[in-house]
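Structure in structure tokens, see below.
Chain nomenclature is as follows: A, B and C, assigned in order of appearance, with residue numbering initiated at 1 for each chain independently.
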């Protein structure tokens, strides 16, 4: 890479413009110069990829840099990515390819609509096709392919959480009947110990509400949205087709899911494959029903709330979880300074959930750690979440930032359940 | 009356330790069958190898230049020849690298059944009952072999001491088969373990398995090893994935270790791994799967998530 | 150079394995099958040889439930042909019988080199590579971690206990039991797998006939006896760490 030559100075000794004498240094300016010093090939190679075209639109204004959550713990943002590519970085083999969590805060502020939510999956798909995938992400892909979930847990154990719920859940493949609500449990509520806590709380709340609901049990597979955003589009399509076939076997009048990523997939992506569902996030389903719940106790907790990127920015829902928090008796609620449309990211989206170690080598702290510090700053003693990725991410971050004993992390459904006991 | 034939694995360093374990097992089987123990030692020169094999009743010496250094094709021919001429009821071969080559090849050539991965062998009437580790050690298969059979025996399953005792055995010479003169396999060179370290000499080892997830997580284990003053070891999948060099591999195709302390992290405990470390003085295993076979040989175990336990333990050890 | 890679599926050991009612076999109703990891390495080794010097790679497997996807994945990885051998049964065969059935198809195929995994989780009655070699009458080396072509032969690295290795040269045709490829098996993107599946390019081949070697029979399959295992340390990670520290202190194994 050659050094950029300074532009040649141009100065007219005698110059009168519209009757004004601007001779000498008054008219000094640089000659226009073109950046020939960099090969435009790498940029053109990327923007030729379907889905990645808008990277070329960047005019380096830098608005995204202040919005990008990764930049606040490292050196990253669409503007910086563009510049690196422009000056010769091959993004397809560079760690930067995997740091974006597709949180969409850059797109919110970008005047040129440089769309990283489209660019990143498209570029990653090329890298995946060339078998250039960080090992931990590859493992998540392989697990999803082999077992239908990124955790690598046996499919047959997908509904095991039901046994200890203390409330019934109809497992539709075993007990075939029409239900009002088909609950799409998703992987982390099915398998992760803390997710299972939330799933069980959900079952108990549904029983209190007298909702007629069922789950797909071992037939449910990952909705696969995050794998799609991490570049495995083929895997997404394969599982989506399987899920669509499975869903077609059962009768239900609406669908509810635990996971904003599944919500995003079922609301925005599955329709592109010809399957439309009346889908709600569980906070959207429960918020209007909160008045019917027989509260038993006040929860005198100071809480704050973290917006999931895929519920909030991606799908515009900021109110439902806040409405739930408002109605749970006793909670004192404070917003964090980054919230709602400008909410920070937990780092788990877009494949980040399976790249923690990889990402850790390229940032000064995890996004979840930064967010936990912000939650502590509000004076809250509890961080309330409503995305299955977040409980374990934030609980880890509470430990690693030395805030154990100072901040608890709870899914909002756990609080509802607690106030009913 | 059935005899037991032991294939004596050997190299330029002498008789392999597994051979004595086999001789010990053979003695018991021969007693049950009312037969004798015959030891086949096939090498370029056998004079220096034979005296160690006194636990046998008969030492069968077969010599040919093609038999040293080890060539699978030559040794299959040698064992096949010995089985044909001596017609033993039981043939014992170590379940080692050479054992895979030799036992299956000879069993096929002599039309005898083969039972692999044996950890227990007993005589029941006329038959041999074997216990074998299958499915990565998660299940044990019991088989019954009526009539002649070939058995490969897992290293460490039988004590070596019984096979090392014994007086002077009778010796017989077996003619090498003619095929050894026209082999299709040639020895080119031997390679010593690379990597500069010798985990076999370490008195403390922290070994990582597939449960560590990826190379980026090795640091957790390295930090624990440093806090313990231990070397880092690995199971085969970790080495095959290129996360750690071959020289750090513990198990059948790696090193056999007997440290004072062996910490197995994220290792499920396939039989091939267990045979390389089961004699460690204190074995501590961390694996989230409570059914992992590693807990069979470990003295202490925990099913804690290694990503939680390792940092906690490292911190404690650094502080103490 | 024509390389045949012999692959099979084995039960995924992530799953809990249950024994059938007869007590002698796996309860296959719930068993999840996956490609034998050593066969995966054999395939990677074949594709590496193809990339290094050009070769035709044919992947061969016995017909059985789920094998189509395994074969298509091999095509997506770089195999040129995929052959399914019909042995007249969907039941899994033991390695000895499988070798007999496969050898017939391989003889018809006429490769220069056969690569397969050194072992499998369920090869109680012996390993595939040496049995295939015996059936074909070809030389054989197992526990191999590297294969290179050397004229009308291949040079292989054979591994022994203690980390010792030797380089051997084997005339072709030959059968090699692969322990590990020089690099881990590469990721197969599902899109490429689906392309391969859409091509539908599976061939079928006829199995060789031959009698198995009777004599050994499984009388019982069971979980290992419990009770001789580890003393489990329970509690939170911190509590377990504390117990381990106390244990090491007691045994004089703390550093320094």
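Here is the rule we use: a residue touches a chain if its C-beta (ideal position, glycine included) is under 8 Å from a C-beta of that chain, and two chains touch if they have at least 3 such contacts.
These numbers come from a predicted model, not from an experiment.
K.L.:
Comparing centres built from CA atoms, which chain ends up most distant from chain B?
P.N.:
A
K.L.:
When the mean CA coordinate of each chain is compared with the mean CA coordinate of the whole protein, which chain is closest?
P.N.:
C
K.L.:
Could you give the separation in Å between the centres of chain A and chain B, each centre being the mean of its C-alpha atoms?
P.N.:
49
K.L.:
Could you grab the centroid distance between chain A and chain C? Build each centroid from C-alpha atoms only and quote it in angstrom.
P.N.:
The computed centroid separation for chain A versus chain C comes out at 38 Å.
K.L.:
Calculate how many whole Å lie between the centre of chain B and the centre of chain C, each centre taken as the average of the chain's C-alpha atoms.
P.N.:
The answer is 19 Å.
K.L.:
Pull out every residue in chain C that's touching 2 or more other chains.
P.N.:
16 - these are the residues of chain C that touch more than one other chain.
K.L.:
Among the residues of chain B, pick out those that touch two or more other chains and give their numbers.
P.N.:
Answer for chain B, listing residues that touch two or more other chains: 241.
K.L.:
Enumerate the contact residues on chain C facing chain B in the complex.
P.N.:
Those residues of chain C that touch chain B are 11, 13, 16-17, 19, 26, 37, 41, 96, 99, 118-119, 121-127, 129-131, 133-135, 138-143, 145, 155, 157-171, 174, 177, 179-180, 183-184, 213-224, 228-234, 236-238, 240-242, 244-245, 247-249, 251, 253-256.
K.L.:
Across the complex, what residues on chain A touch chain B?
P.N.:
134-136, 139, 357-358, 360-361
K.L.:
Along chain A, where are the residues that touch chain C in the complex?
P.N.:
125, 128-129, 131, 133, 138, 141-142, 145-147, 152-156, 232-235, 237-238
K.L.:
Chain A touches which residues of chain C in the complex?
P.N.:
For this pair, the touching residues of chain C are 12, 14-16, 30, 32, 34, 186-194.
K.L.:
Give every residue of chain B touching chain A within the complex, in rising order.
P.N.:
Contacts found on chain B: 213-217, 241.
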